[in-house]
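In what follows, structures are represented as structure tokens.
Okay, so chain A shows up in both of these, paired with chain B first and chain C after.
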Partner chain A sequence: MMRYLGQRALHSAIALGALVMLVFFLVRLTGDPASLYLPIDASVEQRQAFSERHGFDRPVLAQFASFVGDVLRGDFGHSIRKDRPALEVVLEAFPTTLSLAVGTMVIAVVLGVVVGSLAAIRPGGMFDRMSTLTSLGAASAPDFWVAITGILLFAVALGWLPTSGTGGWQYWILPLAVLSLRPFGLLVQVVRGSMLSALGSAYVKTARAKGVGEATVVFVHALRNSGLAVVTVAGDQMVGIVNGAVIVETVFGWPGVGKLMIDAVIQRDFTLVQATILVTATAIFVLNVVIDLLYVLLDPRIRHR
Partner chain B sequence: MSDPAATPVAAAAEAVQVRRRLPLWRLLVRDRFALVAAFWLALLVVCMAFGPELLGKAATALDLRARNTPPGSLEKGWLAVLGTDALGRSMLARLVVATRNTMAVALTAITLALLVGGLLGMIAGYVGGWSSHLIMRGADVLQSFPSLLLAVVVLYVLEPRVSNLVVVLAVTRLPVYVRVARAEVLEIRERLFVQAARALGGGRRHILRRHIAPVVAPTLLTILTVDFAVVMLAESSLSFLGIGIQPPEITWGLMVAQGRNHLAVAWWLSFLPGLAIMLAAMSANVLSSWLRTVGDPSQRWRLEAPRGER
Partner chain C sequence: MLHHASVGQRSRLRARIAWPCALSALAIGLGLTASASAAERTVTVVLSEEPDVLEPCQSSRSNIGRVVKQNIVETLVEIDPKDGQITPRLATAWQQVDANTWRFTLREGVKFHDGAAFDAAAAVKSIDRTLHATPIECEIRTKFFGGLKITAKAVDATTLELVTDKPAPILPTMMGTMTITSPSSPMDKATNQPIGTGPYKLDEWKVGQEITLSRFDGYWGPKPQAERARYVWRTESTVRAAMIAAGEADIAANIAVQDATDPKMDFSYPNSETSRLRIDTTRPPLDDRRVRMALNYAIDRGALRGSIFSADVEPSTQLVVPSINGHNPELKVWPYDPDKAMKLLAEARAAGVPVDNEIMMIGRINIYPNATEAMEAMHAMLQAVGLNVKLKMLEVAEWVNILQKPYADDRGPVLLQAQHDNNNGDAVFTVYNKYHCEGANSTICDKKLDQTIEAAEKATGDERRKLWQEAFRIIGDDIIADVPLFHMVGYTRVGSRVNFQPSISTNSELHIEDITFK
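Now for the complex of A and B:
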């Protein structure tokens, strides 16, 4: 197990290195920050002073070398726009995104598992057809559209919920609802599919023959079987949200990582882009390891040697 | 059928075939959702092919007296049946015209991803060795990269042109095809017919093209239909954020973004294009789940058995 984790960490470190390198050089192609941060009539000397202060006047390769050295010493650089250490800015935004992701997944997994299991009990029945249609719709709806339609309906027309921003529990409802829509739709379909195959299998017949109650058969015996598929889909979706729920964070004005990343790219705040990428990629690595451990926990046949 | 002696044998063979395998279109008719989805997508393809030529003028014609007409009435002419925007342009015509960009970007991107990803995956699976390592690690990096961020950075570096957008979207979808193609090939290459082809002296290229590609293709095509929905949603998101297709070109995603400014006055401006995106994505999803059922021998009977026996 330890060896597996070590190998995994090595692979991720290589991927992370490639990623950081790619981002480092790509963002520098977006343009000169001096033209964004200095007034239009800034003199050539002022521009040069700006570039020198932030180290942009040095050759790109030299910049990269000192960046790598700094990161290895735990220094992620200084954000130009915020005039603060970049790592601090990222770590401030991270909990927002993380809590959104966790909340979304709890809602989506609970609802998805319940609806998917109920749908599988009678395939082709009324509930099954309704839930299939609903879940397909949920999985296909563009999130930005659902978000603004939700704002229009619940915030503007009905006035029940705030339009955007952060605060009490009311501020959580719309973002969570919008974010959990797609994972919910996918999970319903996955759970339904694996439940269908489980309910037709021999061990479920055995359980029924023993006289186990129907609820126990469905929600205990058969459901365990879909655990792996649920973890796969939910994990994949969670990675997506940790990566940045850019749209939802933008529309609802949430100060999360996704919004931070996009803003940093647009404002040519290179150090902030790099810090954001490093932090989220590390978080995703941890998340992937947790997912792998969950596999082992759910299915004793999987053993990583 | 001109040879009379051959007819009975052929007829018998056909009878057996008909009982075993219904033609695809009969299976499509059996599944009502899939049928509706197929019709909808066919309609969209027609709009994509002829829309701008038929309604291009109507989509840009201003009519300031008919500004922000709500949908659902024929009073202002049939073009205003879905309402008009703040400049009095027909929503119906704009939606139809936008179909081309929306669909074409998604279709080109996934086709590109399928061809390049499929080829790389087949090479990784069949040739193995260091080329396989290189390709798979590359796929890992791409997959761990936040795809939206990749798109944002690339579209900032290169200007947001349609061709750049297509390439970016294709690159983000590449890993899926690489992985699936490789996994399939790893299994297929051990089968007898491939070994036979190798024993007969077939070269790598020949075997990959004539013996392996046809077996991998259906799986990749099934993924393609799901990916169509994914890529269309991604393009819409990018256009919504303002870094996808640029005005005066239009796509559904851009229309949602433009309508956002008029949300309180004219809800239909963003609602209808969003609905169009959702219906198209949903149709692609329905059709792909139908394709999966048809392609899966253990599930196909659900469609082949007459109603009531299912």
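Now for the complex of A and C:
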């Protein structure tokens, strides 16, 4: 196990290094930060002076050498816009995104698995039809529209929930509901499909023939085999949210890493882009290792290999 | 056990429970009342973005200015949003000693939030910080004081002398942008802890969540009603408007036109922006005056107003609003006359002007509401008079490269969608940059205009106003450097608890002291 983790960490470190290098050069192709940071009527001289102050006038390779040196010392640079260490800005925003991702996945997986399993018990039945309709609707609803409609309905018209912002449990309801919709919809479909094939398999028939109760058959024997598909889809969805739940962060005013990254790109805040990508990429690598370990836990065949 | 208790026991028990219940209910009630009254005296403002920094030197940026300017840090003078006149703030009087020297008499008895006295020495240090502390990125320095050297000196405790390297006749107007911070502000780096003399001091900035200010008891001026101000931010205009409707916030400084649906809450105000199409007069066929006239006759401003543009915008004749010193009221709005446009183009074509060259219309996505639709409509209007126009919409990062010098040598004829904001009292903040040969965003070069601009920059009073008006006449009538469009409006949503009137300065500042409770 330790050897496996060590290998994964090494591969991840190499990939991360390559990614950071790529981002460093790509982001500099977008143009001159001075023309976006300074007022639009700033003179050519003022823009040149700005570039000199921040070292953007130096050859890109020289900038890269300094960047690598700084990173090796643990310094990820200074965000021009925020006038603070870039890593500090990102690490402040990251817990928000992570908590959104975890909350969303807990809701989506629990609801998705329960609804998907129940739908598979009687294919074509009323519950199955309803859940298919609901899950397809949930998976395909545009989250921007759902978010704004949710605010107008639950916060403005009914006054049950706050419109946006962070705070007590009430503030979590709308963002989590909006974020959970798509993963929930997908998971219902995935669980239903894999449960249907599991419930038709020989080992389930054997279990039934042995007189095992229906609930145990569905939720213990069949569901465990569907676990792999659930982990794959849920993991993929979670990676997407860790990468930034931009729309939910933007609409609900949650200070997460997704909006931070988009703003940094738009404003050509190079160091902040680099730090954001580094932190989210690290989180995604860790998440992938966790997903791999879950596979091992769920599937003895992988364990024995 | 309770169900075996007698009636008497039960009533005693009830009494025993009732008293603590009543007391705690009272306590809760009092607590609620106390917190309700605190909440009543707190104004909540919802901004469109979180300020990147709270450095007073950057307070010309709108979301920073709306928090710090005149609330936390004040200026020596203010520009009256109604008429552009200069009014006293930290300075009570000012006079020009000679062409290059101004003296300001400072208000006495003023204290900074950290207890330091505001005097001429403190003002000198603050001005030096803004103008010369180069480790600090400072938009006020770049935007308003570029190309001018100022030496600040304390003559005595209440007299500040500013000596410039060239005549600066509107130095008092320019000082309306210069925020004054405590002598304890760091000179070698920016600060997010602004310390000023304003009616409010910074309490806390919870990054990502909110900024809170509280009333400064030692303020020199009248005591404002609001005890606290709380700033939050939401990028989506619909959410900002919803927060006011739901009573979560009191003022949304700017909301989109489509969200300004309630006349009881939503107020339009001239936001000091003026929109135009900038004509690159150096490239054929746009180098021909008849073609530039035709462009102006071809645009149906009446049809654009109230449809794609708000019904509250005013058709413009020049790049500054009427309250700015130097605005020329004699200039006329271009009438819509497509026949005349076609006739002018035919004349130009007959004279050998390559009228059929492709003209690129370059727009900026979201530069103002419905920016793309506006460009599409104008594209159709220009096509209708027979011009060969092509439309391209760009993101701000690419658009800025077209707007700013150095321009590409191989560029073709361009009509650039732009808007310009000047609420600083004088045309100088507009004309040089936009129209002088050396201006950072200028696409014209005219000797007579340059001479007029240079003369206006040095002049004062009536002469100055007349020279700027002459400059605008040359730009609008002689050269026809633009397709002027509209003086734009913004929308502010104000909740039912407070009184607040947005003005032309709401784009860059939001005075909490002026807000009263109903």
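In this section, the second predicted complex is superposed on the first by the 274 of 305 C-alpha atoms of A that agree within 3 Å, B and C clash if a C-alpha of one lies under 4 Å from a C-alpha of the other, contacts with A are read in each partner's own complex, and residues count from 1 in each chain.
As a convention for this text, a residue touches a chain if its C-beta (ideal position, glycine included) is under 8 Å from a C-beta of that chain, and two chains touch if they have at least 3 such contacts.
Quick caveat: nothing in here was measured; it's all calculated off a predicted structure.
S.K.: What is the contact status of A:11 with respect to chain B (first) and chain C (second): first, second, both, or neither?
M.R.: A:11 sits against chain B, while chain C stays out of touch.
S.K.: Check whether A:80 is in contact with chain B, with chain C, with both or with neither, and answer first, second, both or neither.
M.R.: A:80 contacts chain C only, not chain B.
S.K.: Would you check which partner chain A:163 touches, where first means chain B only, second means chain C only, and both and neither mean what they say?
M.R.: In the superposed model, A:163 contacts chain C only, not chain B.
S.K.: Regarding the shared-chain residue A:250, is it in contact with chain B (first), chain C (second), both, or neither?
M.R.: both
S.K.: After lining up the shared chain so the two structures overlap, which partner does A:280 touch, if you call chain B first and chain C second: first, second, both or neither?
M.R.: first
S.K.: Does the superposition put A:148 against chain B (first), chain C (second), both, or neither?
M.R.: both
S.K.: Using the superposition on chain A described above, determine whether A:266 touches chain B (first), chain C (second), both, or neither.
M.R.: both
S.K.: Tell me the contact category for A:136 with respect to chain B and chain C: first, second, both or neither.
M.R.: After superposition on chain A, A:136 lies in contact with chain B alone.
S.K.: On the A-aligned overlay, A:23 touches which partner chain: chain B = first, chain C = second, or both, or neither?
M.R.: Touch partner of A:23: chain B, not chain C.
S.K.: Could you tell me which stretches of chain A are touched by chain B in one complex and by chain C in the other?
M.R.: 30, 148, 151-152, 156, 250, 266.
S.K.: In the complex, go through chain C and note every residue touching chain A.
M.R.: 50, 52-53, 55, 60, 134, 137, 139, 142-143, 146-147, 190, 192, 207-209, 232-236, 238-239, 242-243, 245-246, 248, 395-398, 400-401, 403-406, 433-434, 439-441
S.K.: Help me check something: in the complex, which residues belonging to chain A touch chain C?
M.R.: Chain A reaches chain C through residues 30-31, 35-44, 46-47, 50, 53, 80-83, 92-93, 96, 148, 151-152, 155-156, 159, 162-166, 250-253, 255, 259, 266, 268.
S.K.: Quick one: in the complex, what on chain A touches chain B?
M.R.: Listed in rising order, the residues of chain A that touch chain B are 11-12, 14-16, 18-19, 22-23, 26-27, 29-30, 124, 132-133, 136-137, 139-146, 148-149, 151-152, 156, 189, 243-244, 246-247, 250, 258, 261-262, 265-266, 277, 280-281, 284.
S.K.: In the complex of these two chains, what residues of chain B are touching chain A?
M.R.: Its residues touching chain A are 33, 137, 140-141, 144-146, 148-149, 152-154, 156-157, 229, 233, 236-237, 240-241, 253, 256-257, 260, 263-264, 267, 270-271, 273-275, 277-278, 281-282, 284-286, 289, 310.
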